[in-house]
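Each of the next two complexes has chain A plus one more chain, namely chain B in the first and chain C in the second.
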Partner chain A sequence: MLKMTHIRKVFRTDLVETHALRDISLNVAEGEFITITGPSGCGKTTFLNIAGLLETWTDGQYLLDGQDVAALSDFQRAKLRNQKIGFIFQSFNLMPDLNLFDNVDVPLRYRGMKGAERKDRIERALDSVGLLSRKKHLPSQLSGGQQQRVAIARALVGEPRFLLADEPTGNLDSNTAEGVMELLQSINDAGTTIIMVTHDPSLASRSARNIHFLDGRIAESDHIAVAGQLEAVS
Partner chain B sequence: MEFGPILRALLRNKLGVVLIALQIAFTMTVIVNAVYIINQRGELMQRPSGVDEDNLFHIRSIGFGENFNEELAITDDLDRLRQTPGVVDATVINAIPVSNSGSSTGFSLEPGDRGSMVPSAIYYAGHRSLNTMGLELIAGVDFAESDVLIRPASSNTNAGSVIITRALAERLFSADAQSAVGQSIFTPSGQAIRVIGVVRQLQGPWPLWPEIENSAIFPEIVIDGSSMYLIRTEAGEQDRLMPAVEEMLAASNDQRILRQLRTMADTREESYRIDSVMTRILYVVIATLIFITAMGIVGLAVFSINRRRKQIGTRRALGATQGAILRYFLLENVMISGIGVLAGAALSIAFNIFLVQTFNMPRIDWFYIPAGMLVLLLVGQLAVVGPSRAAARIAPALATRSV
Partner chain C sequence: MFIYYIRLALLSYRRNPVLSSLMVLAVAIGVGAYMVIFTLNYFMGGDPIPHKSAQLFHVQLDYGDPAVADFEPPPQLTYIDAIALLDLSSEHPRTANSKFVGVVEPQNRDIRPFSVSGRGNFSDFFTMFDIPFQYGSGWDREADENRQQVIVLSSELNDQLFGGSNSVGETVHLHGYNFTVVGVLDRWSPMPKFYDVNNGPFDPIEEAYIPWHLIVALRMDRSGNTNCWAAPEGDGFQAFLNAECAWIQFWVELQDSAARDDYLNLVDNYAAEQKSFGRLQQPVDKRLFDVNEWMVEQEVVPDETRILSALAAMLLAVCLLNTVGLLLSKFLGKAPEIGVRQALGAHKGSLFIQHVIEAGFIGALGGVLGLGVAALGMEGVKILMGDLIVSDWMQLNLTVMLVTIALAIVCTVIAGLYPIWRACNINPAIHLKLQ
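And then the complex of A and B:
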């Protein structure tokens, strides 16, 4: 599904060079649930950005579904993100001026889907996170956990094969976080590949594989379950 | 297109939208009416006067010496002028068309019928006045030398014949110009005057007078101490002849002074100066308002984009192409500007009604409204292109940053 080989990312300014990722090589198979852990500044989010085609990299090869994505134009990357990748952000990143229906609708509009099909998908997605009855509400009228559920519905509505979650429970209390994790687990059980960045070791322990980043490198890769499906190179 | 979500989002942030829409509406109201006024003034200034303006100049002779004989001076001066090489013809006249100074009267078809008098400018001119002014006689005949009446200013008796403009003929007789020839018209004092000819056009002296096309030429020379000579030159000779004529007239008679040596073009420009200045001021007002409105739109767009940088990054992460972001902000601007120009259309009409009722201005032509709407929409789009392009360049990675 995802294959990175010797990926490096260097941020350059006039005065300094910052090596955010140093020689990352990683294979993620279809249907895996991987967590990424590590201290602040270790490169977790940079890795996630590159995996999600939000950012370019300095060196190395990245194959997504067998396709070398390095040569893609900005337009092609946007289309690929829209069609294959779902994002869940730590601070939910909902549009505060749009109601839940319109928020979930955002990625579908960029896909050029017809109104009737969009409506059907949006309602199913909101229903799957238990918020269909509140589709006309604004994000500000929901709790943090509910907002993250909406964000998950938005990530799932396009039926992506690959879900990237950047500390999705980081802004939630433990009970709510547990609910979100169960939701992610069920999404993974349904076949969606998930890579999740987290600070929480207890959450990391619930994934099939945890990759620990340190100073821009993969320091450790633990196969926790379904080991036969996985291959990690560190 | 994201028409619905954008509209719903705008409705949740009304203040900025309303302020910009109001600014657009106000700008459109002023612009539409100002452009209409400019065009009206332009049409007024472009109207032909009927005379050969490019080749006419005039000079006033004012006698002061004890031995000055105005009648003899006129005869002598006209002879000299007509014999000057490069001069087509010359005459003496009481007023210059579109000069803002002259005389008027009223004519009726019955003596003493003051109720149905048609207003008209009157020119008292000597022999060969039609050829001097370059007027086109479309019916009847020109004055004969013997028609010319030389009279003191104190006399109220006019010559017995007159040449009128086609506009005056049509107003008086409600028929074609030819049928006016030979008919009598009456002055306010009840004197009958026979129409011997009709010219195509000769404007009166007052540019803003509604009856400017109604003029009558009497074959009269009024002796009042001051004579205005109108001189028509061959094409391209005017600049050379003006100082030469002034010098020649000054040398021929030292009992008078010469004043107001001017071309017809200068006289027209002077008469329309206020209109011309007003037009320029209105252009400045229009340009300033458009600039301020455009800057307002840019300001709102930049503020709005800076406030939503993370949202834009999130949209990019969710699959928005740069083109989609650009279209989003252009569409949002069209909707804000659309509200503004719709309000502007209503305000423009209301303001025009106020101008019509208060200043007796003509009603605005309908097409100024859609044209104004289109221009303001275009200004809005041009103003927002830069900020929208900047928004489109926001990196999708901004979605995962914490600030």
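And then the complex of A and C:
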């Protein structure tokens, strides 16, 4: 579903060139749950931004569902983001003056969906994260864990093919983080591909595959769960 | 999406009320001040009779003293020339007219005699200038020729003398003579008063209208400008009538360019004939002016208002430059939200529209507040200019209100283009991580 070949990303200023990604090649299959780990500044977030079409890259090829996305216009990329990709951020990135319903509504607005269908989808999405009863609340009236669940509902409301999560539990305590992980796990079980950046090795160990970034390169790629399952079968 | 964007604009206003209010205030001051001057110019310089201003012509002749190098030809005609042109122009609607003042003695003895401003004119005056009547009508050419003592009243004078009732057929005692009322004007206030711009272009219309010949026949007290460039030969009123003294405005209605050319030939021939008698020795550039040409020729809109216009435009520009800065600050402050919206599927075009609507929303609020500023400014102009303007037309009518709001919206959107462009081109990736 996602195929990157020899992707490089260089940030340039007048004085400095920073190689954020060096020759990244990666295949992500439909339904996979991949975690990305690595030290700060190793290129995890840059990779995620490129995967989510929020950032351009310097060299290499990126195919999304077999389509070369390099040549797409801003409009086409936005459409792809809206229809195929969901984003979850460490700091939730909810809009503070919109209530939960309106926050979850944002991606559907850009899809041009009719009011009744939007309402139905939003309520289902909020219900799936257990926050339907609080749809009129503002984000500031919720706890961090609840805000992240709203962000997940917002990411899922458009029924994307894959979800990009940038340290979704980074701002949460361990209990709340566990709840969010379980939610992501169930989303993946339902068939959504997930790529998650995390610093937490215990969370990384729960994914099917962990990719370790170091200095802009893939240092290690382990099929943790799949390898474990294969071992068990043999 | 339009209503959605309006709602986002409202939320954005509430998020930064001080910054947003400063923008609204800047737009309101700039647009309000500009509209005061715009209104002044609009009414002073507007076409007072747009549907036929190109068919109505003021006649000017080659008056002046050749010995005086920079002699400005007077805009009016002498009595001799007015009489001659009346005969020459009889196949067209035409009128000579001039002002007078007279004392009216009301039939109601409880009302003391009072002075009125009046105009002597020909019957065609009313039809040429499309003057509306409340009761009756103007008189006919026969009344002109026979010097009938008929009178048309303004609605204000009719209110004063007859309580606003239909006074056609009633008698008005003016200047010691009885006049029969044949018509009462409806409310009418051409701006500028184009048919007599050299006697107060922004004065109210006259209160009483009588056949022009009666000014001479009844020795009415003339008023208004009189320009003489040669001393009368002899004493008395008849000597004045025969003198090189211009005090009569002359208008003719010519339907098309052919009629205009023919009429101009007549006037040219008349001028040439008079030259042979030793008169009209100072040639003029032009003898026929349509209404708008005449307004320009007579510099009806004073230079001061043009200077004021320039100053108001500069104030508006300064206010808009401030708005640019404030919008830039506001929109760049929304970078994290813009980043999130991009991640969720907004493309640059939709972000552009969203922010154009937000700028337009601020502009609309500025326009509404600007109406208040304009209303205050207009009151100030009335106080400053006093009798020079008629306060009836220096006001916020629907056109002025709509133009104010539209101007505010358009200006604010234009001022917002650069901030919007910057906002739409932020890199979302930077702000998503930092939010």
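To be clear about the criterion, the second predicted complex is superposed on the first by the 225 of 234 C-alpha atoms of A that agree within 3 Å, B and C clash if a C-alpha of one lies under 4 Å from a C-alpha of the other, contacts with A are read in each partner's own complex, and residues count from 1 in each chain.
By our rule, a contact is a pair of C-beta atoms (placed from the backbone, for glycine too) under 8 Å apart; a residue touches a chain by one contact, two chains touch by 3 or more.
Here the structure is a predicted model, which is why all the values come from computation and not from measurement.
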| item | value |
| --- | --- |
| Superposed partners chain B and chain C on chain A - clash or fit | clash |
| Partner chain in contact with A:146 - chain B first, chain C second, else both or neither | neither |
| Partner chain(s) touched by A:78 [first = chain B, second = chain C, both, neither] | both |
| Contacts of A:109 with chain B and chain C, given as first, second, both or neither | both |
| Which of chain B and chain C A:99 touches, first, second, both or neither | first |
| Which superposed partner A:45 touches (first chain B, second chain C, both, neither) | both |
| Chain B and chain C footprints on chain A, overlapping residues | 45, 49, 52, 54-55, 74-75, 78-79, 81-83, 87, 89-91, 93, 95, 97-98, 106-107, 109-111, 154, 158, 166 |
| Of all residues in chain B, those that touch chain A in their complex | 2, 4-5, 8-9, 12-13, 310-311, 314-324, 395-397, 399-400, 402 |
| Touching residues on chain A, where the partner in the complex is chain C | 45-46, 49, 52, 54-55, 74-75, 77-79, 81-83, 87, 89-91, 93, 95-98, 106-107, 109-112, 154, 158, 166 |
| Of chain C, residues touching chain A in the complex | 1, 4, 11, 14-15, 336-337, 339-350, 427-429, 432-433, 435 |
| Contacting residues of chain A [partner chain B, same complex] | 45, 48-49, 52-55, 74-75, 78-79, 81-83, 87, 89-91, 93, 95, 97-99, 102, 105-107, 109-111, 138, 154, 158, 166 |
